[in-house]
Structure formats: C-alpha cells, structure tokens
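Both complexes shown next keep chain A, but they swap its partner, so chain B is in the first and chain C is in the second.
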Partner chain A sequence: MAPFDQSTAAQWHDTAADENEYDVNTTLPISPGVSAANHEVERALAKRRLADSHLMDNSAAHGSSVSPLHEWNTEAESLIVDLPPRVTRRRRGATLHALQEWEGYVAEIRHDDVVARLTDITAGHRYESVEAIIPRSEIAERDAERMVEGSIFRWVIGIERSGKETVSRVSRIVFRDLPRMTQEDYRRGREWARSTMANWT
Partner chain B sequence: MLADSAPEVMIVMRIEPDISGVDIVLRGNFNPAILTPAWFAMHGLLPGADETATLDLATPSLVAFSTEWVSLHSTTDQFQVHTQLMPYVRLSDLVLRIFRERLHHTPLSALSINRHIHFRVASPETRQRVGRMLAPLAPWTGIADTLRLTGADSGMLSLTMRQSELTDRPSGGHIDTRVEPSVRVGDGRQGVYVHVNDHYGAVNTADGAEYLLDLLETKFEESLQRADSIVNHVMSLST
Partner chain C sequence: MGPIDYGELDVVNGTERSPRDDEIELTLFGPGYGESMVLHLGNGVWVVVDSCVDSTGAPAALRYLERIGVDSAESVNVVFATHWHDDHIRGLVDILAAAPNADFCCASALCTSEFLGMVGALETGHFSVGGSGMRELHGVFSLLVDRGKEPIHAIANRMVYCNPDCEVWSLSPSDSVFQTFLKALHGLMPKEREAKNRVRDLSPNEAAVVLWVEAKGTSLLLGSDMERGGWSLILSDTTRPVGRASVFKVPHHGSGNAHVPEVWDSMVEKEAAAILAPWRRGGHALPTTQDAKRILNETTRAWITRSGSSKQLSFKHPNRTVEKTLRQGVVRLQRLPDSYHRIRLRRQFDSSDPWSVELFGDASHLSAYAA
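Moving on, here comes the complex of A and B:
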C-alpha cells in the first residue's frame, strides 16, 4: 500500500488546525502611489457594495438584470481592484516527541492527588517499578471525572515543537480509552478455554 | 503489568526530530459518510469532537477532519489516522475501538503502521554526505558530469529499501524504508526525511479483519520501536 509521500503529507498537514489563519475572500482596494486617494477609493467601494445589493434586490423584484458596473464610472471606482481570495493557510500541527514515557494505573484516588503505579516504558520494563503521587491539577478535568481505581494512562515527558519558533518541554498524562470487551471477545475466550481444557482431558 | 505489546527499551533518537508522526492505514470497505466528528463524539470515541474538530471535507466518498491530537482521512477503500503527539498508543487504541466496538463487520484487507520523521543535520554538506553514503556516485562514473550529479543541489532524491522475507506476518507483507531530503525542515537544504512503512496483508479468510486488528494490537508498539531503530541508524550516518 503506497504510503503518503512527504509532499502529500505536507498537504495533509496543511489541513491541521492552527491559530495562524488568514482571512479569506478579502477584497482590498489598492492605490499604490496614490495614498491620498485611498479615502476616496474606500468610499467608492462601500458605495458600490451598497448599490450592488440594491440592484440585486431590484432585479429580483422586477425581473431585470442590470450590470451594476454600468452605473458607476468614477475615477475612484476605477482604482478598485478585486484580488483573488487569499487561501487560508493553517500551520501544521505540533509534534510531541517523548524523552521519557511511563504507563501507569490508578491505585488510589484521594481528594487532592492520585496514587499511581508506573512502568518505565523508556527503560523497557514490563512491571511497575515506581509509585508516584500525582496532583489532580495535573490531570485533565474530563479524565479526572472518569478515572477510577485501575484506570490506565500514559505519562509522557518530552519536547513539543510547534512551527519554527515554539519549543517547549511538556508533561502530558493521557488516559487510555481501551477497547471494551465485547460479546464476541467473551465468546472467543470461552471457545479458547474449551479447546485448552480439551487438550488436557 | 503491561500488555504483551509492551516494547523493549524505547529508542532514544540521537537527533531530536523536528517533526515526528505515526499513521495507521487500513484497506477495506468503508463508508466515509458516517465517519464524521459528530459520529465519533456520539459514540465516545473522540469526546467533544463534534464541537472542536476541524472538518475539512465530508462527502459520501471522502471524509477528512482533525482534532487536537488526531487527523482522520477516509475514502471508500482506505482509512487513515495520523498523529504527531505522543503517546502514539492512543492512535492504536482508537482504531481498535472503532473497528471492534462500532464497525466490527467492516471487511479489512491490509494494515500499515507508518512512522515518519523529519530531522535536521548540521549542514547542507552533512546532508549531502549522507546522500552520497546511501547512493554513492562511483557507479555513475562516466556520466556523472553529463547528468551533473556533482552539483550542490544534485544527487539522491529518494531511496527506498524493502525487507520482504518476514516471519511475523502473512506473505505479502513488507517493511519499506524511504529516505529523502526533507521539504519541510532545514530550509530545503539541511533536512532529512525518513518514512518507514510496516505493511501487513490479510490472508484471504472470513476473519481477515479480526486477524489484522489482532496484529495491530500486538504489534503496534513493536513496529514503532523497530521503525525508530531504523530512523536512528539513518541519523547515525550524519554524526
């Protein structure tokens, strides 16, 4: 299966949400070297927009189609140029690259903090080796409302890059939304148990 | 205790990437019309997505939207999710929940776990040196001048290496590693892009979808660890 090449990925990432969004469909009056006339141009533009809307209303009401431009022939009007719309450009999403990652589970929920047992993923551990006390303020509100003893999470500490200027060291706790056990899972489990028992009898 | 999919020692890359991401791509039969942020929010797969997601396109044959941490793109025969924010395991969790809890009758025929990284090297000369290591000019002797391969902006544009004899998957699977100059970092002169495509095809059986989802669950982090070691090796060529 052909993966995205990086040019496609670049287009793909152009769709990522970002705060650097430009306005689109902006029509700008321009008068290079005629700065004194900008005021006149702006007024002419506003006048044209208003007249366009009136003419459209009249056309709809009377069934006639009149080109609005035939009505205007002022010097200021001639300075107005309709530019093509600027394309909205969103900056690509941030990257968080981990320097350290743990998987943990909630052992105890207290009023102001949470006791968790952690497994060091970075070190390749398979069993919890550390107990941590995590302030509730470090946990997102939505996760704090849903967590129970036994809830599993990943704790990542790393470098987050956003664009060319913003680099920050971040700590992020993300609770895992693990797939729920389905009836099919239970059925397969019972099937497996039956076949395993059959091997021993 | 971690699940069986827990990795060995996590690879710490010798060069911190500028851009680092993971894709999960599935081939099969999909219905993009239902894969909207509202659907994901309604089923608790992406809570709040109906309010916060950026919906780029939604038609019967194509949907594309992004949230704070995941981007989704689906046609009728290809489903793809992407993230640049660790922990990457939540991408796998999301896909498993979609196709085990909600869309468990979806036929699936192939799975890819893709790792892609852009990183910066010390100088344009360093990047060119890496390119010369991977694609030496010696075999081009005699026509190198004709092709003007010795210029500052000439040389390797893309190189893909394939490993296909893999014992951990059905035949037809492969791991492709592609190395290119990066167009996104290093101002076009100092960036390197590495893409590792870890591809699994399904055997042609009725439970092919479940087989692929089992592979995703058990192999995901192992696949990323392997990809990171490959990327780290490419990085080592520049140091």
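Moving on, here comes the complex of A and C:
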C-alpha cells in the first residue's frame, strides 16, 4: 500500500521558501443551492482570494519557513478568513498533485480509533458527506497528543513526483494549526453580543 | 434560486398536495444531515421546527414547501430552533432568509450575553469549510438584527406562538437548567491561547426546547432531543398545559436515555402516532433495535424516516487511484446519508379519526426497522 505519511503540519509549512513554490488554486466549485447559500460561498471565495494573495505576499516577503497560518494570526488579525487558501505544495524537485482533498473534524475520540466527519473539498461540498474511522496508530504522535473533539484536519490523497521520475501515491492526514483564542476574540465576542442585544427590548 | 432536483423526494406511497385550510399537518424530515419538521396550523399558517439539509446544503423544509406549492415568504410564521446541535440547525439561516415575516424562537439560554459572546468570538476566524453551529447561529441573530426583530425566548411553560386557531407552548428549558447551561458553556469556550477548534455538542442537552402544540382539539408533543433529566422537570411542573398528545415526535432519535415511561402514560394518548428520525455515528445507531421495540410497546402506530439506517452505506470513490489507495489503507469510510426521507401526518381539525400517515423515500413503519 501507499502508507500514510504521518507528516505533521510542520512538514507542510517547511516549503514556504519563495512565492514560486506555491501553485495557488482559487477555484472552488459552487454547489447548487438556495441563493443565500450561494452568497455565503461567494463571500467565502472572495475571502479566500484575499487570503491567498496575503499568503503569497507573506511567503515572498519573509522567505522563511514560518507557518503562514501563524503569520495570519499575529500580523493580520483583521484579515482572518473563513476558508484557508487551497494550495498545492511544491517542494524543490517534488510536487504533490492532489486527487482528493477532505477537511475533517474529530467527532469522537475512542480508545483505539477516532471517528471523524469529512467534507469533500475537491467536490466543493459545504457539509460533511463521509464518516471515517481512523485507527489512532495512523495519527502522528504530535497530533494525537493535542487532538481533541473538534480538531480539524486535512486529508489529501494524491500523486507525488519527486527526484528523478519517482512517482508515488501518497495519503496524508495533517492536523491543522488553527488560530489561537486571543483577548481580542473575547472582546469582539462581547461587543457583538452587546450590539445584538441592544436591539432587543 | 436554481432549478431544484426533486429526485430524492420521490413518493413511495404518498401523494403531493398542500393541506386544506382545515387540515393540520406535521411532516418530519430526516436524515440527510439532521432532523427537521414543518407544521401546518391551519389556514395556510406554517411553522418550521429545526433544519436539516441535503448534500447541496438546501434545507429540506424549504424544498418541501415549494414542492407542495406553499410560498415560504408568505406562509412561514415562526422558525423554531429547539437546540444548537449541528444536526438540527443546518440551513436555519436559509430558512429564515426565505421567510422575511417569520419570527424566530429558541431557548432563552441561547439569548444570553454569555452564549452570544461565545458565538461572536468563535464565528469569525473559523477555518473550517463547513463552519460550525456557531456560524449558523451568528447568521440567524445577525439577520434578526437587520430586520429589527427580537428572538422569542422559549422557557418552561410559555406560550410562544398563538393565533385564533392554535397555540404553541414551550415546555422547557426550566430555570434550573438555564443555570446549568451557562456553567457548561464555560467548558465549551476555548481558553486563551487554545486553538479555535470546532465547538463540540453539549450533552446532555437539557436546554432543548420541547414544544406542545394545541390546534382545535388536537395536541402534539414534539420532544426535540430532550433527555431524561429534562423530562423529569417537565413532568414535575404542574403549570404545564394539560391534555394528551395524539402525535409524539419521539425525543433524541428514540434513544433509551430519553425514554421516560411517565411521558407516555401522562402526556401521550394510547396508540398515539409516534414518529422519529434515526441517527448514526461511528458504528453506533439510534434507535437501537431494543429502542425500537420499546417504542412499539408504547404504541403500534410508530414510523421512522429511514428504515435502513442501521446499515452502513458503503463508500466508493469515483477516481480509481484514490479508491485503490483507500482500499489499501486502514481507515474505514462510509457515506453519510445525503438525501432525506419523510413522514407526513395529516388530520382534519376537530376530528377524532386517526391521523393519515404518508411515507416518502425510505420512511417505514418502525417494525421494519426493529426487524
């Protein structure tokens, strides 16, 4: 089999050396649905494009291996987005062509495995369409230690070309470094609650 | 709105027409992703209770009403959110957006500064494609502000909607549950520097809103996901509306942790129509076979929206390379139900006749599920 590459988020972030190392794909299929739903997707798309451009700027400007997600969290609070940029990582001499990409969240942690719900990113779904039972042995130790119910991960299955004409199927589960709660988040929440309730008698 | 594919709503043994003005109707949808109901209270007045969606994200309630020729914008008077589990609120914003005149009713505990503060703090910067229940509720409350409307607060024994022909009462949550809920919120809210993960469901969900509907001599009990502790509080409250329901939406997908014999004995008619939607996660299904048999001991007139839900739906990826990779791996995958099925109950007002029951899609008598 093509074994699970238990690479962690760090491995994904270590290739942000320069702008040319990213193929940024901003195309997201829009599912049919009611107009409000489309509006939401369009809004998310616009934000994704904004995030993509910011990511490009960051990776070009810093030329470092710092996680783009951390960059957003600390430098661009006002640009926090609903969707992450969808990128095809291209290491020097290695490319990953994603055939299937899911976003998953941990619904239940059990003794030997984890129950997760998967949303099909490739198909542009808004909601989860697949349930996965993942043996705990398939989850990187670092991820397993910090995993809680509600943790979000990406699962990519694709073809990796590396070195000279080496092609392999890969399957990677990567738990994402989500933004951390800040005092600003709490303040914004309180303010939103206050302004909402101010409309009530 | 684009063209709608009604393929998943194919009729098995029901026929499509809107109810007459003198007919009361309760239709239960599920699963799809969750559980939802629409209720006709006579004279073209509809309410929606919770929301579930199909794989495109379209709410079942809106699709159904459009299909039978009901204009949601004109006819939906109230939208209820009985609790904030994802499987009950997805698509709620779309329903409310399609019903500009509708009021919105939810548990009073969801209208507190504590809860709204959590919604406001977690909605923005959420990196999940599907968002979370927080985002749905943020959309609902923001829409209400835009419309200058205030949510109706559901608490124990409050009439939350009425017209000359009918009344809708909330039987929960009680004051004591209110305080418990606020304490539980602190456990759900990420601490400073903790990751903004998806907020997990609160369980047990005693802050759920149980609804009691009275319409011209007909009573219905809609049990939400209320579990035993909440039912005990409802039963002990002597100020609740009296009467016995001829329809019971069985709580919490028929789970044993929501079964209280006294509810059947004192709040529900003998041989009442009982309806429920199943639930499944990680190989565990509700109701269990034992749950189904227990319900059938209470009434033989029991139906479920999907008879085959105890069976897993196999997953096969259309891309051969992906499929091969999956088959060689150790992760077990199964499809989630992506279409909803429904049970429709109708009866003429002031009638003592049994409810007419129509089943659509994979809905069936509960005995087929128990078998």
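Heads up, the rule we're going with is that the second predicted complex is superposed on the first by the 106 of 201 C-alpha atoms of A that agree within 3 Å, B and C clash if a C-alpha of one lies under 4 Å from a C-alpha of the other, contacts with A are read in each partner's own complex, and residues count from 1 in each chain.
In this text, a residue touches a chain if its C-beta (ideal position, glycine included) is under 8 Å from a C-beta of that chain, and two chains touch if they have at least 3 such contacts.
All figures in this text were calculated on a predicted structure; none of them were measured in a lab.
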Check your understanding: Is A:101 touching the first partner chain B, the second partner chain C, both, or neither of them?
Key -> first
Check your understanding: Who does A:194 touch here: chain B (first), chain C (second), both, or neither?
Key -> second
Exercise for review: Applying the touch criterion given at the start, work out whether A:174 contacts chain B, chain C, both or neither, answering first, second, both or neither.
Suggested key: first
Check your understanding: Residues of chain A touched: more by chain B or chain C?
Key -> C
Point to revise | Which of chain B and chain C A:142 touches, first, second, both or neither | key: first
Exercise for review: Go through the superposed model and pick first if A:154 touches only chain B, second if only chain C, both, or neither.
Suggested key: first
**Study point:** Footprint overlap on chain A, where chain B in one structure and chain C in the other make contact
**Key:** 1, 4, 99, 103, 119, 121, 126-128, 159, 176-180, 182, 185
Exercise for review: In the complex, go through chain A and note every residue touching chain C.
Suggested key: 1-2, 4, 31-37, 40, 69, 80-84, 99-100, 103, 105, 107-108, 110, 115, 117-119, 121, 125-135, 138, 146, 148-152, 157, 159, 169, 171, 176-183, 185-186, 188-197, 199-201
Study note, to complete from the structure: In their shared complex, chain B is touched by residues of chain A numbered 1, 3-7, 9-10, 12-13, 15-17, 92-99, 101, 103, 119, 121-124, 126-128, 142, 154, 156, 158-161, 172, 174, 176-180, 182, 184-185
Review point. Which part of chain C faces chain A closely enough to touch in the complex?
Key: 1-3, 33, 53, 55-59, 62, 90, 93-94, 97-98, 111, 113, 116-131, 138-139, 141-142, 144-145, 148, 150-151, 190-200, 281-283, 315, 317, 319, 321-322, 324-326, 328-336, 338
**Study point:** Residue numbers on chain B that touch chain A, as the complex places them
**Key:** 1-2, 6-10, 12-13, 16-21, 23, 25, 27, 44-45, 47-48, 54, 56, 64, 66, 68, 71, 73, 78, 80, 82, 84-87, 89-90, 93-94, 96-97, 100-101, 104, 110, 112, 114, 116, 118, 176, 180, 182-184, 193, 195, 197, 199
